Amino acid sequence: MPIVLGANQYGKAEVRLVRVDRATPRHRLTDLSITSQLRGDFAATHLEGDNAGVIATDTQKNTVYAFARDGVGSPEAFLARLARHFLTFPQVTGGRWVAEQFAWERIGADRIAVAAARPDPGREAGHDHSFVRSGGGRRTALVHADTSADGSPGLAVLAGLRDVTLLKSTGSEFHGFPRDRYTTLPEVTDRVLATDLTAWWRYTDEFAASALDAGDGGATFDVRYDAVRSILLETFAGLHSLALQQTVFAMGKAVLESHPEIAEIRLSCPNNHHFLVDLEPFDLDNPGEVFFAADRPYGLIEVAVTRSDAEPDTRSDDGTRGSASPAAEHPVWATIGGFV
Amino acid sequence: MPIVLGANQYGKAEVRLVRVDRATPRHRLTDLSITSQLRGDFAATHLEGDNAGVIATDTQKNTVYAFARDGVGSPEAFLARLARHFLTFPQVTGGRWVAEQFAWERIGADRIAVAAARPDPGREAGHDHSFVRSGGGRRTALVHADTSADGSPGLAVLAGLRDVTLLKSTGSEFHGFPRDRYTTLPEVTDRVLATDLTAWWRYTDEFAASALDAGDGGATFDVRYDAVRSILLETFAGLHSLALQQTVFAMGKAVLESHPEIAEIRLSCPNNHHFLVDLEPFDLDNPGEVFFAADRPYGLIEVAVTRSDAEPDTRSDDGTRGSASPAAEHPVWATIGGFV
Amino acid sequence: MPIVLGANQYGKAEVRLVRVDRATPRHRLTDLSITSQLRGDFAATHLEGDNAGVIATDTQKNTVYAFARDGVGSPEAFLARLARHFLTFPQVTGGRWVAEQFAWERIGADRIAVAAARPDPGREAGHDHSFVRSGGGRRTALVHADTSADGSPGLAVLAGLRDVTLLKSTGSEFHGFPRDRYTTLPEVTDRVLATDLTAWWRYTDEFAASALDAGDGGATFDVRYDAVRSILLETFAGLHSLALQQTVFAMGKAVLESHPEIAEIRLSCPNNHHFLVDLEPFDLDNPGEVFFAADRPYGLIEVAVTRSDAEPDTRSDDGTRGSASPAAEHPVWATIGGFV
Amino acid sequence: MPIVLGANQYGKAEVRLVRVDRATPRHRLTDLSITSQLRGDFAATHLEGDNAGVIATDTQKNTVYAFARDGVGSPEAFLARLARHFLTFPQVTGGRWVAEQFAWERIGADRIAVAAARPDPGREAGHDHSFVRSGGGRRTALVHADTSADGSPGLAVLAGLRDVTLLKSTGSEFHGFPRDRYTTLPEVTDRVLATDLTAWWRYTDEFAASALDAGDGGATFDVRYDAVRSILLETFAGLHSLALQQTVFAMGKAVLESHPEIAEIRLSCPNNHHFLVDLEPFDLDNPGEVFFAADRPYGLIEVAVTRSDAEPDTRSDDGTRGSASPAAEHPVWATIGGFV
């Protein structure tokens, strides 16, 4: 069989863009790492080194910086602007644009929050132009385009977060699993449950299109991001867990229940094992107090939660269906690494 | 639409296994990081926290260590052993098993190699039980199973390498690309070309099945790995490059040309920019000698090279076809992160 | 000259200890990485492999976990407990014990803070036993012992923080530096100033001794840590900077001015360059809005601020002396990596 | 007591320099990360933001690149050139210049080595201008200057290596250590011993001065580096180990014995624990074959080996003295992080 060029994409990765909004003396900061990747008719460069159609990755980088001059808005909106620009090139039939956002807080904001019982009304907390980078993980966004089938410029818009480290010191059990020759794990009714949450959710095409056309720089996406993050964390906190799988599915389900504008969500959660230290050799008990936090290996739980146009399955009490017949797979997922 | 459980998988990641083969005083060392992930009928744990079918990730880890007692062989063969074991559980309908292998050399082996003109015949170089870890990237392997369609226990076997850092100090050009408002990159006829090669190739089902059944611990895979690695590096070295895309495609094509037992190969190559430093302000020329090696951003080139059952395309001189009509996508690729 | 054993130390590094305080249903979490290193009469193991005096590093690890059973308190107090324990072994004449602490917030705490105008009095915010790891760097502590001179069990107690990422979007200039053949940097009166702050401060022996003897688990150190961190950040924010050196010295000086119980402080601050992107090729201006955040190289500023028993220097307007005659160097600094 | 500026230094860190030597079509590659730090009369910038004496870190970076135009030679020689240049500024009284070098091999060199029984005489192996980066750790160098005492421009020259990962699969015991309440470690007569070797050695002032003046770009240092690396590895391999301390001391001692031009050496070696997996629950024995390679915690052994002008100690059989009375501490060690 002849050897052929298969799927391919190229671009510039991790363009580090820091945007200072100086519209008022109270600066605002946007800190992004942006990746732009193009797909299309690029056979000539692969086969013959003919670059006549190759929008240089350096040009892609320059475009990111030039577009930032007009403001960035939400990462979803900024990526969509890039996507629409590159899709105007006839040789480009698709691509993916990804952003990772670092959060910053104003220095001193936490102090004034403490005194929030009697704030100066209308006065936000913290310094006007000095910031400290926050933790709690990073916000992510992804815009995916594929016009190869019908020429439609429809964009899939995903949002997410990564490396949000969570821990419950109780309210987690794990038992009832099968025991075979290789099973040594004891059953436990109280354990530490910890993970580094990574999630991606996909907005419905209708919602994405209207949010991008709203003319507000995608502010809607910022509101959604904050809400989804809260739901994920509070579901993790609130659910008494019988398995990390149960917790992760519940987190995704809670997001879909509250957000009809989200079509599906995928979560990837390591099980960051915290082993109760055996203090008996030292004549000490250890009633769930002293733990060793292990590095490797770790459990790894990956779950997609989606919507089905099929009838609800009667097997589960709450009408939630099992693993059969989700809606057809969206092609964007094939481009996201490390996921089911 | 009702909310349903979509695709899901779980397991234990990065089980660090070091196996010492002490069959003779000349020890052999196998150093692996192994990930085991299962798919199947796990709805109950997600929906209700019922773990009756959940083979604990701790059990998966134990199985890795227990199986290693009988020897490891090639990583492909070891993963296939794990796959076949876990597929005997009725609730498991598929999974993926991944290995990353660290290479070690015998201490002193390089010295004796220098004296290789008159070696003790039959005597390999280096110390019997003392080793230094090699660089040059890591070998990878992946076994993928999906019996959900037809119950077939066929295993897809992939091999690869990652983080092999390559550099050409000449023999690379980049010009002829389009110039738009955002293009500032100069055209160059001599540049440094550098990358960190990551590649995955998939063996044909026929070859994989026979190699796994050969009863030699998968030694065939070791031979193939060495050969493919050499082809990749020597093609990088030998090709006068007009674009990194051209180089990467040629690397993959050379592998497929020499190895009919490989069905397809995918390569992911950052363009590690080495910028010629402008020494003119210091009244110095810089004829391709002094470079700044940048970290971010970097170009990113991802290419699949595959075989087609279609007629060869006459557009390209060498009968290699363009981007149309590759054979149908193998489902394993959806499970490999960071690839086209 | 004969070859001799010089300085040496050994121990266990990065013992990952997570302590859950379950005294009430409102759990408290302490998350530490602890390193224990011993010095003393260990010549026999080095010279002859005679381990009769070698307190195994595994035993040091066990001791950390066993001591944690009684509670941890401040990291300084916990390290001092370890130090005093190991100093009871006759062969141990000194050592260093280091902790790095990860901060966690209660899930939901930020939400309730927003509603803080009408809180339930006496009710803290956030979930009782579910946490999200905070950013903003890590707290560090170090206890150093050296009884080799006089047998005194006096402990030097240091506290610090690391990887606190700070940025000012204005209020920073850099000009007036000398220009030689190799100088191309333009002078600027408005730039982004960013750093990852690492600092260590040493408490006076008097203060350390009384704080360790207070019987409150070292709570005083927690108060000091919060206060010093605030001073460092607010000085960074508040000072109009003419050089990162000036900012860093001012940060240290502000700490010493407010905290007579601190003998000296050392700061290590990369200059995380944010380069204004040249948008002129795209017919755009860039009035301090679009920046490229570079990775390497970076500036690196390291400054010790200390107290002198000498007369104040009249050269500086504020009575602060220059570089001459600091108090004699404390031996602990030789054990802290990456510092002046 | 008045607050004063203490020790301070500043400069540019991790300047990534790749130098291609194109003197012949057989290119040679030098790949360095260079840090330059200056000490001296910099009180004005710290106290008042007066930069009149501050050689900009950007200028230091430019100087690195400009000097590389003339060739690099050994890292020690290149750093000394930088040191001597910066010491010509009257405000500079000292500094430290550090290099980390990445090794590259020619692509194909290993193949031709195999055929080395009948090589083309005078023809080295491998491609002329295509390279693959080697592993086996990184070479380091450091030049330290301090003229503050006597104005002498004497340079201390150190060389080293880091992250050389070593493993012995047998020939290592650990027993005879004391057992207290917290000791659970079993005694073993056969274990895996593994480490990531970091070492720094200091050349005598006489040797350094003459090697730097030899006019050969410091080629002598390259020869010494290769020889010391071999001694370190072969001592690790050859010594039957009763403790990692014994191995590490022996490694340093072997270097000093063979190299009178080296005044002292310091080694920092984690004990990368490889735990024998308990396979008994699976009805399997494990005669030293299946190991779990742990990440954290790890042992940490740090040893200085030096020369003494005192009489040899009669306590040790081989005339090697114990821990007392090494020659006075060289100030350079205070500037090297993570060492005893």
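The chains carry the letters A, B, C and D, assigned in the order they are written, with residues numbered from 1 in each.
Convention: contacts are C-beta pairs under 8 Å (C-beta built on N, C-alpha and C of every residue); 3 or more make two chains touch, one makes a residue touch a chain.
Just so it is clear, the structure is predicted and the values come from calculations on it, not from any experiment.
*Asks:* Mind listing the chains that sit against chain A and also against chain D?
*Replies:* B, C
*Asks:* Farthest chain from chain B, going by the mean of C-alpha atoms per chain?
*Replies:* C
*Asks:* Could you grab the centroid distance between chain B and chain C? Build each centroid from C-alpha atoms only and quote it in angstrom.
*Replies:* Those two chain centres are 41 Å apart.
*Asks:* Approximately how many whole Å separate the CA-defined centres of chain C and chain D?
*Replies:* Distance between chain centres: 26 Å.
*Asks:* Centroid from C-alpha atoms only, then distance chain A to chain C, rounded to Å. What do you get?
*Replies:* Comparing mean C-alpha positions, chain C is 32 Å from chain A.
*Asks:* Which chain C residues sit where two or more other chains touch them?
*Replies:* Expected reply: 16, 62, 66, 181-182, 184, 281-282, 295-296.
*Asks:* Is the way these chains touch best called a line, a ring, a star, complete, or other?
*Replies:* Graph shape, chains as nodes and touching pairs as edges: complete.
*Asks:* Quick one: in the complex, what on chain D touches chain B?
*Replies:* 16-22, 27, 29, 31, 62, 65-66, 68-69, 103-105, 107-108, 111, 113, 116-117, 127, 129-136, 164-171, 192, 230, 233-234, 236-238, 274, 277, 279, 281-282, 284-295
*Asks:* Going by the contact rule set out above, which residues of chain D touch chain A in the complex?
*Replies:* Per the touch definition, chain D meets chain A at residues 181-182, 184, 281-283, 295-296.
*Asks:* So in the complex, which bits of chain B are touching chain A?
*Replies:* 1-16, 33, 35, 37, 39, 41-43, 45-59, 61-63, 66, 174-178, 180-185, 241-243, 245-246, 248-249, 253, 256-257, 264, 266, 270-271, 296-313, 315-327, 333-340
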